[in-house]
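Two complexes come next, and they have one chain in common, chain A, joined by chain B in the first and chain C in the second.
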Partner chain A sequence: MSAAANKKPFDAGRAAYLALNIVLLAFLLVPIAIIIVFALNPTPFISFPPVGVSLRWFEKFFASSDFMNALWLSLWVAACVLVLSVLIGGACALALARGNLPGRTFLTAFFMSPLMLPAILTGLALFQSYLLAGIGRPVWGLIMAHTLIAVPYVLRTTLAVLHNFDHRIEEAAAALGASPVRVFFEITLPLIRPGVFAGGVFAFIVSFDQFPVSLFLVVPKSETLPVVLYNYMKFDLDGAIAAASMVSILLALSVVLAMERLIGLKAYVKL
Partner chain B sequence: MISRRSVLRTGAGLAAAATVGAPAVLHAQTKTLKITTWGGKWGDIMKATVLPAFEKEFKCTVQADQAFPFMPKLQASSKKDPLYDVFHTNSNEQWSSLTEGLVMDKITAKEVPNIADVYPYAVSDKIVGVTIFTSAIGLGYRTDKGIPVPKSWKDLADPKLAGQRGGYLIPVNSLGQCHLMMLGKIYGKGLQDLDAAYKALEQLKPIKLVDFTGQMEKMLLSGEVSEGVIHDSGVLRYEGANRQPVEFCSPTEGVMALEQVLNVTPGSKVKDLAFSYIDYMLRPDVQKLLAEAVWYSPANKKVKLSEKYDARLLTTPEKVATLIQPDWKWYNARKDDIDARVTKILKG
Partner chain C sequence: MSLRHHAARMAVASHRPSPIAWLIAPAVLLFVLFFVLPFAVMAVMSVYSGNPVNNPNAYLTTRHYERFIFDTAGIFHDALWATLRIGLVTTVISLLIGYPLAHWMARMHSRLGHALALTAVIAPLLTGIVVRTFAWMTILQDKGVINTTLISWGVIHKPLPLMYNEFGTVVALVHIYVPFMVLTLIGVIGRIDERLEQAARSLGAGRLRAFVEVTLPLSLPGILAGSLLVFALSISAYVTPSLMGGTDVLTLPMLIAQQVGTSFNPNFAGALGVVLLLVCLVIVIAYNRILARLSGEQGLA
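This part shows the complex of A and B:
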């Protein structure tokens, strides 16, 4: 057969599909590229085209005690939120999927409700509640508030895994003499792990980037990175903002890559 | 039966509890003053120099909140135990706060002795609390774009500046609100002539709008805007080693006042300390330090600034007389209607 005969005919549908994907990818990635350009541009204001390459804004970011304290606080809060939301969200998902609870649909909607409320209102309501309760604005209050917002993410991803869960595996283990505790830790938990971990990644990122809720709950000298960036931006709109954004993106990416090493990204795709 | 070991254990426990508890007791004896303050260069100077010196002199701790928004947080806290003792905002927010009973209506020299030395504008009937500094709102422009040097507010309407002029989102920025009132004065019967102001605003289109005050200086610096409404501090700070091709114009019709106002919350538990803080902020040495750091005009008449600052800032009765103070009580009462109207004019 000739080479001309082997040549596939032009597929307009496939070309359109590819073009659409390229456009979507560009839509997602171009803002990150712009941030990189601004972070490396040495001018004391955000401008385009860039006039050179410099690390001065990264130096400013890492040399600033305000930024560094905020970065560490954000990481600490996000780590606590990850653990708490995995425990609470995972347990809620199991109870909802397995518990034969009355009003299950209502309870699911109830647990998901923090996602439906504007976060700024959640922040304001919690702020007022904390003040009325006389507890002020402690860091643990901020962690609880972030957990409230993060739990629905773990709940959703875990419920998705539990939806396709084959109960016969657990029944087989029980029939072979495994105790309920052993069934949970050796059968149930490993099988729902991808959903719980994926929810945990979302919880970490949601907490790390959380702004509207934190806005009302941070106290002087204990402010999270998004709040510090917002206030910084009101007075100094320079490349340090872009450098901070780059660091945030790299940190979020590190978390995702760490999770990939732990459970593999294919597990997320299955969801 | 009480054993020797249990007695020793109890004693050790009590000693440990006393040791842990001691700093808390000491802390409780130290008064804490809760204030709001700005960020940026102002915040750096406050944290590095001004506040530590105040804490040392008055043997207290200052908790300075730089995280906006201040007013909703104050509103949400109890009036009997407010989140802040000293409320630092621009004048428009002080008036809104007064309407809700969140701040005191008047502060006099009886409570704050240094008030006796301030310019009249700092405690005028347009002010709730006391002004510690002011900026002049006028026009900033690029010196390298070949545009005519502005002299009047009307110059911003020059057709050559179409797409190159800058202003603010009026509903969220007090400089934008000041500009709107100034349009009423320039093109109509006065600051409160809204119809004339709306008509003039229409003529300024196309105009680039920003929400944060600090954004306008960056727009000027990057050349995205060739001429725009701005406060003098946003331009004057780019001198010497920081020199940039930007300049500030005080229009002949006068400049609008952008006051930095301090006030005390009526429910403050440390009111005396709050008054002492305001008095401290009005001291000539503190005023000089901050004025020269951020190019703000000091409210205290006795402040002697270095020559280059004295030449550009509002430091004499004659220069201070060019300040126009808006009636924020009047403006705030109409704010919703004004917001709706200007949004309609400037949409798109």
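This part shows the complex of A and C:
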């Protein structure tokens, strides 16, 4: 079929279609590429075209205690969220796929709903709850808030893997005399691990880049990186933001590569 | 294949929950404590005059909703309308950009090309909203990439107002939410049998007619689901309108943040939150209905 398409002479419609899509892809990618330009451009304010290459903004970023404290807080919160959401979301996916629960469709939609409801409202609702409970705005409150938003991602990737693998492998192991615990640890867990792990990576990124949920839940002097960047951007628009953005992007990029290695990006598109 | 498995499994499965069902407990606990309860608290706060726990004088009132409905300050209705307008424009443009991309990717035969295009779509998704909004600020501001380039070419003499207005807000929002549209559409378009379009063409329909009369109607559920998703996401956006909109744009999420941050009126913020929540709930329910019908056709839950 594709061979037949290739045999055709020049096709203006097809060429225009290809050109259009390349322009659209460029629209998605150019803004991110531009951040690299400004992160390396040494002028004191954002200016174009760039005049040179320097690492001064990276130095400023890594030398600033405000940025560094925020970076470490974000990394710490994201690491906790990764562990919690993998445990809670992975267990929940297993229960939904194998637990024979009544109302599975409803339950799945319910556990996915934090993705659909405005994150800023989740932040507001938690802010008000912490206010009423009189517990202030502790870091663990922020971690739980991020976990709530991250669990649906783990749930989605794990459920996708659970749907894709043949249930009869488990039944065969059980029929051959393996105990349910052994079936779980030797068959189910290794098979769903890529999905759970990919979900965990998503969870990490979602927490690390999280803004709307964090906005009302952080206290001054103990803010996550996106909140610090946002506050900085309201007054200053210099290369330090670009450098900080680059650090985040490099992190995201390594995650995409890790994901591609682990289970292949294609698995997500079937969702 | 998987359909048959599924059917067979359904037939042998008993209706009693198995012990594995208990694994749902931590998730239920998390969602009750940090999701259901907080939203209930938000609704309760919206009908109280103050903090009902530590303020003994707090009383039940509908005044926050009255303040929104009668809108004597003349800003709340404008904010609601601006929120919906920005959401709608963002959705339509995201669809116009996302559909060709999704169609192209779903029909792509090269695995490498598909993987590259998909990486290009997912990469922005994994870049934080704050970072992507920053990128658009550097592009659209007065001394940004577009204005300085056009001025240096002599096309314009003073900077175009690309930012601190709805235009800039929508451009950045579209960039942020197009990947959601593409990812929703790829799956739906990919499931449409390509041979249907080929059959239409071999029966004499032109390429455009085959697309409009065969592929487009079949992808309608995906278009609806993707549009609802993007609409729900863009009406709840805060970072982008507040940074790109300047003083020109005021949306519901921005009002909510103002009430919490500067006015410190969490009760009124709660009422505004309930209004935004109701709008979103209608969208979410419609979205889930469409998705359920979509996956129902596929025999997947």
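Everything below uses one rule, namely that the second predicted complex is superposed on the first by the 226 of 271 C-alpha atoms of A that agree within 3 Å, B and C clash if a C-alpha of one lies under 4 Å from a C-alpha of the other, contacts with A are read in each partner's own complex, and residues count from 1 in each chain.
Everything below uses one rule, namely that a residue touches a chain if its C-beta (ideal position, glycine included) is under 8 Å from a C-beta of that chain, and two chains touch if they have at least 3 such contacts.
Note that the structure is a prediction, hence the values are computed from the model and not measured.
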| item | value |
| --- | --- |
| Fit or clash - chain C, chain B, common chain A | clash |
| Which of chain B and chain C A:Pro220 touches, first, second, both or neither | first |
| Chain B versus chain C as contact partner of A:Pro152, first or second or both or neither | neither |
| Touched partner set for A:Leu25, first chain B, second chain C, both or neither | second |
| Greater residue coverage of chain A in the superposed arrangement, chain B or chain C | C |
| Chain B versus chain C as contact partner of A:Ser47, first or second or both or neither | both |
| Chain B versus chain C as contact partner of A:Gln128, first or second or both or neither | both |
| Which superposed partner A:Leu94 touches (first chain B, second chain C, both, neither) | second |
| Which superposed partner A:Asp236 touches (first chain B, second chain C, both, neither) | first |
| First (chain B), second (chain C), both or neither touched by A:Met144 | second |
| Set intersection of chain A contacts, chain C complex versus chain B complex | 45-47, 124, 127-128, 131-132, 215-216, 230, 233-234, 237 |
| Complex contact set, residues of chain B against chain A | 38-43, 63-69, 72-73, 76-78, 83, 212-215, 218, 221-223, 242 |
| Interfacial residue positions of chain A with respect to chain C in the complex | 1-2, 13, 17-18, 20-21, 24-25, 27-29, 31-32, 34-35, 38, 45-49, 87-89, 91-92, 94-96, 98-102, 104-105, 107-111, 113-114, 116-122, 124-129, 131-134, 144-145, 147-148, 151, 163-164, 166-168, 180, 205, 208-209, 211-212, 215-216, 226, 229-230, 233-234, 237, 241-242, 245, 248-249, 252-253, 255-256, 260, 265-266, 268-271 |
| Interface residues, chain C side, partner chain A - complex | 2, 5, 9, 13-24, 26-27, 30-31, 33-35, 37-39, 41-42, 45, 51-54, 97, 100-101, 104, 109, 114-115, 117-124, 126-139, 141, 143-145, 148-149, 175, 178-179, 183, 186-187, 190, 207, 229, 232, 235-236, 238-239, 243, 253, 256-257, 260, 266, 269-270, 273, 276-277, 280-281, 283-284, 287-288, 292, 300-301 |
| Chain A - residues contacting chain B, complex | 43-47, 124, 127-128, 131-132, 215-216, 218-221, 223, 227, 230-238 |
